[in-house]
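In what follows, chain A forms one complex with chain B and a second complex with chain C.
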Partner chain A sequence: MMDIWTTLMYSLTFSTVQRALIATPLIALCSSLLGVPLVLKRFSLIGDGLSHVAFGAMAIATVLNLTNSFLLVLPVTILCAILLLRMGQNSKIKGDAAIAMISVGTLAGGYLIMNLFKSSARSSNFSADVCATLFGSNSILTLSTLDVWLCAALSVAVVMFFLLFYHKIFAITFDEDFASATGMNAKVYNLLLAIVIAVVIVLAMKLVGALLISALVIFPALSAMRVFKSFKRVVLCAVIFSVLCALLGIFISIPTGTPVGSTIVAVDIAGFFLFCILGLIKRRRVHP
Partner chain B sequence: MSQLACENLDLGYEGKTVLSGISFTVNAGDYLCIVGENGSGKSTLMKTVLRLKTPMSGKILHGDGLETNEIGYLPQQTVVQKDFPASVREVVRSGCLGRSGMRSTYSRADKQLAEENMERLGIAPLAKHCYRELSGGQQQRVLLARALCATRKMLLLDEPAAGLDPKATAEMYEWIRKLHADGTTVLMISHDITASVKYASHILHIGKQSALFFGTKSDYLQSEIGRRYADLGGIQT
Partner chain C sequence: MKKRLTALLLASMLLLAVAACTAKDMQQNEERIDIDLSGLSNTLVFAELQNIYASPQDYIGQTIKINGPYFASYYAETGMYYHYVLIVDAAACCQAGVEFVWKGEHAYPADYPDAQAMIEVSGVFKSYEELGQTFYHLEVEGIQIITDPL
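Right after this comes the complex of A and B.
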């Protein structure tokens, strides 16, 4: 026990770890904020779908030897987010099928492209590269100061967006038809939501990798919904839950050497079960 | 000038016409029931009136001081709402949002209006309760209060009694009758011919592809289609 403590204290003196400790809670905060409307709108899997899109775009960026892959990944992901949220409304391919289609399509495409052009890509360690993009590996510990600033700026933007449009987000999530019928421009708010989701997902990919992003989006929201019954409380609880789980995950992973992303997700899952039990106890006290 | 006039509407989607040549007018203080079989396009008509869908041809005119976004709407329950964590107050207040423009908080007047409407519909004691844990009748009243926050002038109700037990159904119609008596124009889609004939002042009967009847209730009960339909509901004409 003492050993773990000293390792942890020692590792905290590294600036890489400090940077990770700033960026991780910020990403956790953003993804949980958006998670609530997404889960309620039955778009839980959009995180999964979009992260695969981001993976595909990342593969192309690697092949093209782009110095900053963000410039390609972000616009492509935003475009797909808009496409998916619009498709959900009225088209022949329904919401979940559209997500599944885009998700596996881009995943396969990205892997294929990386494989075909692996000689021209910068990195010689091909499978480690793919693994890192899919599972996040320890890349959170290699963030540069610029990454952290970018993370902070985007988090501020996401939180501002949520605060400014909080009531509108509630309205279009609860009842989009009513909102548009009584004069709200629901389409614009849906579009904004799609853009913000795409940005958050590209950010979160660095942390947990493409395959585990959904966990950061859905677990805080689902856990909060077990216990709380008003929209406001669910949002607040999801944010606190997510930030605490992310910090706990990072503190566990540093001394034990487990991968950061999957450790955070494991903590999230444990938290979810805890909240399920809390919810049951609460219900029993109300209706004995 | 009437509050709402539809002229020669053709409705449909993906190039397929569902209804054609629909014309009717609604004056302030009317209580119009839209009746017809399942799949006859009643909901499509309602969505068009709310401007959620554009008609394939024809015109929808607003007048008598009614703006396009001044139609309150009571939609049918969606799957999303069944397990939505929201308090009654949160839902009712959201009715005010159509007017608020870019403002990010509710004004004092909006909050006041929400409290008044909860009071009117007898759900003020439930304000802090969770919407999904209410009974069907209570949920409908919450949505009715929300619609009243959007406007007092005209309400569009899509099968307000769907899924309610007989007692809750009767209560629901009674609430709507009260609102109508207070001067709100009511447009209601209904399967319930008994209730339609009991409460409505006007009837629009939609059949396959086109409107079969539009006029006052007494004319409807004299007409052949009205008599045939009313017989099904066991009503003396």
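Right after this comes the complex of A and C.
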């Protein structure tokens, strides 16, 4: 136990760990903030689909040897988020089928591109790149200072969006038709929401990896819903839950050597069960 | 509320102070080591190595200490053996070899540890040119065998 504590304390002196500890709560905050409307709108899997798109874009960025992959991954993911929304509304391929199609298509395409052009990539450690991008084994610990600044700026933008459009998000989350009937342009706000989701997905990919992002979006919202019933309380609880779980996960992972992404998700799962029990206790008190 | 904030602030300051003291103690034990990766978990060592190899120029001339399984490989084009400390990441799907050269005259395999023996080395991080490419290695004074291979 003492060894783990000493290792943790020593690890905190590394700048990579300090950068990770700045980015982690920001990413957890953003993903949980948008998790609540997504879960309520039954769009939980859109995060999964977009994360696969982001992986495909990341593969292209790796092959092109881009210094900052964000510059390619972010616009491509935003474009696909808009495309998914449009496909869901207008085309013959709707909802989950559109998400599944784009999701598997970009995942397979990304992996294929990385395999075909791995010799042209600057990083010769092909399996490490794929592993870190898909499972977030240690990608949060390899952030540059520029990445952290970008992460902070995007986080501020996401929080500002949520605060400024809180009532609009509330309206389109619970009853989109009613919101449209009252003169609100629901399509525009859905579009804005899709863009912000894409930003959050790109951010969260660094923390838990492309395959585990949905956990960061879903678990905080679902856990908060076990205990609280009002929209505002659920959002606040989800944010606190997500930030604490992400920090606990990274504090466990660094000294023990477990993969960062899956450790954070494991803590989220444990937290979810804890909140399920708390919810049961609360209900029994109200209705004995 | 104010009391809680003060308590939280004090707790954070205490944590930082303990971290600083621990780091200082460890640095005092190993005065000449700039980056000691030997006491860290595989997750962090692997991440640190990725950072080092992403911008190696920032680390040239620094003394790095590392431990892990030893392995050697023969490269026909140069007709030489190269020696590495192997680092496996947390997911066990990826590995990286940190190349080292042992200063002085040493014959392989007689003077070197057995493959997969757990070793610890510390040396200066340097670059070298070979076959028109730049490579990086640690120049070490000696090899400490921690445990023999199973």
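As a working rule, the second predicted complex is superposed on the first by the 285 of 288 C-alpha atoms of A that agree within 3 Å, B and C clash if a C-alpha of one lies under 4 Å from a C-alpha of the other, contacts with A are read in each partner's own complex, and residues count from 1 in each chain.
Here is the rule we go by: a residue touches a chain if its C-beta (ideal position, glycine included) is under 8 Å from a C-beta of that chain, and two chains touch if they have at least 3 such contacts.
No experiment lies behind these values; they were computed from the predicted model shown.
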Now for A:F165: first (chain B), second (chain C), both, or neither, which partner does it touch?
first
Just checking: does A:R42 make contact with chain B only, chain C only, both, or neither of them? Give me first, second, both or neither.
first
Thinking of the overlay built on chain A, is A:K232 touched by chain B (first), by chain C (second), by both, or by neither?
first
If you stack the two complexes on chain A, which partner ends up touching A:A179: first (chain B), second (chain C), both, or neither?
first
Could you say whether A:V17 touches chain B, chain C, both of them, or neither, answering first, second, both or neither?
second
Would you tell me the residues on chain A in contact with chain B in one complex that are also in contact with chain C in the other?
none
Chain A contacts chain C in the complex at 6-7, 9-14, 16-17, 125, 127-128, 131-132, 135, 137-138, 141-142, 253-260
Could you pull out which chain A residues touch chain B in their complex?
40-42, 163-168, 170-171, 173-175, 177-184, 225, 228-234
Under the definition above, what is the set of chain B residues touching chain A in their complex?
47, 50-52, 68-69, 71-73, 75, 78-81, 83-87, 90-91, 93-95, 97-100, 104-106, 128, 130, 132-133, 146-147, 150-151, 156
In their shared complex, chain A is touched by residues of chain C numbered 18-20, 22-23, 26, 36, 39-44, 46-48, 50-51, 54, 89-91, 93-94, 96
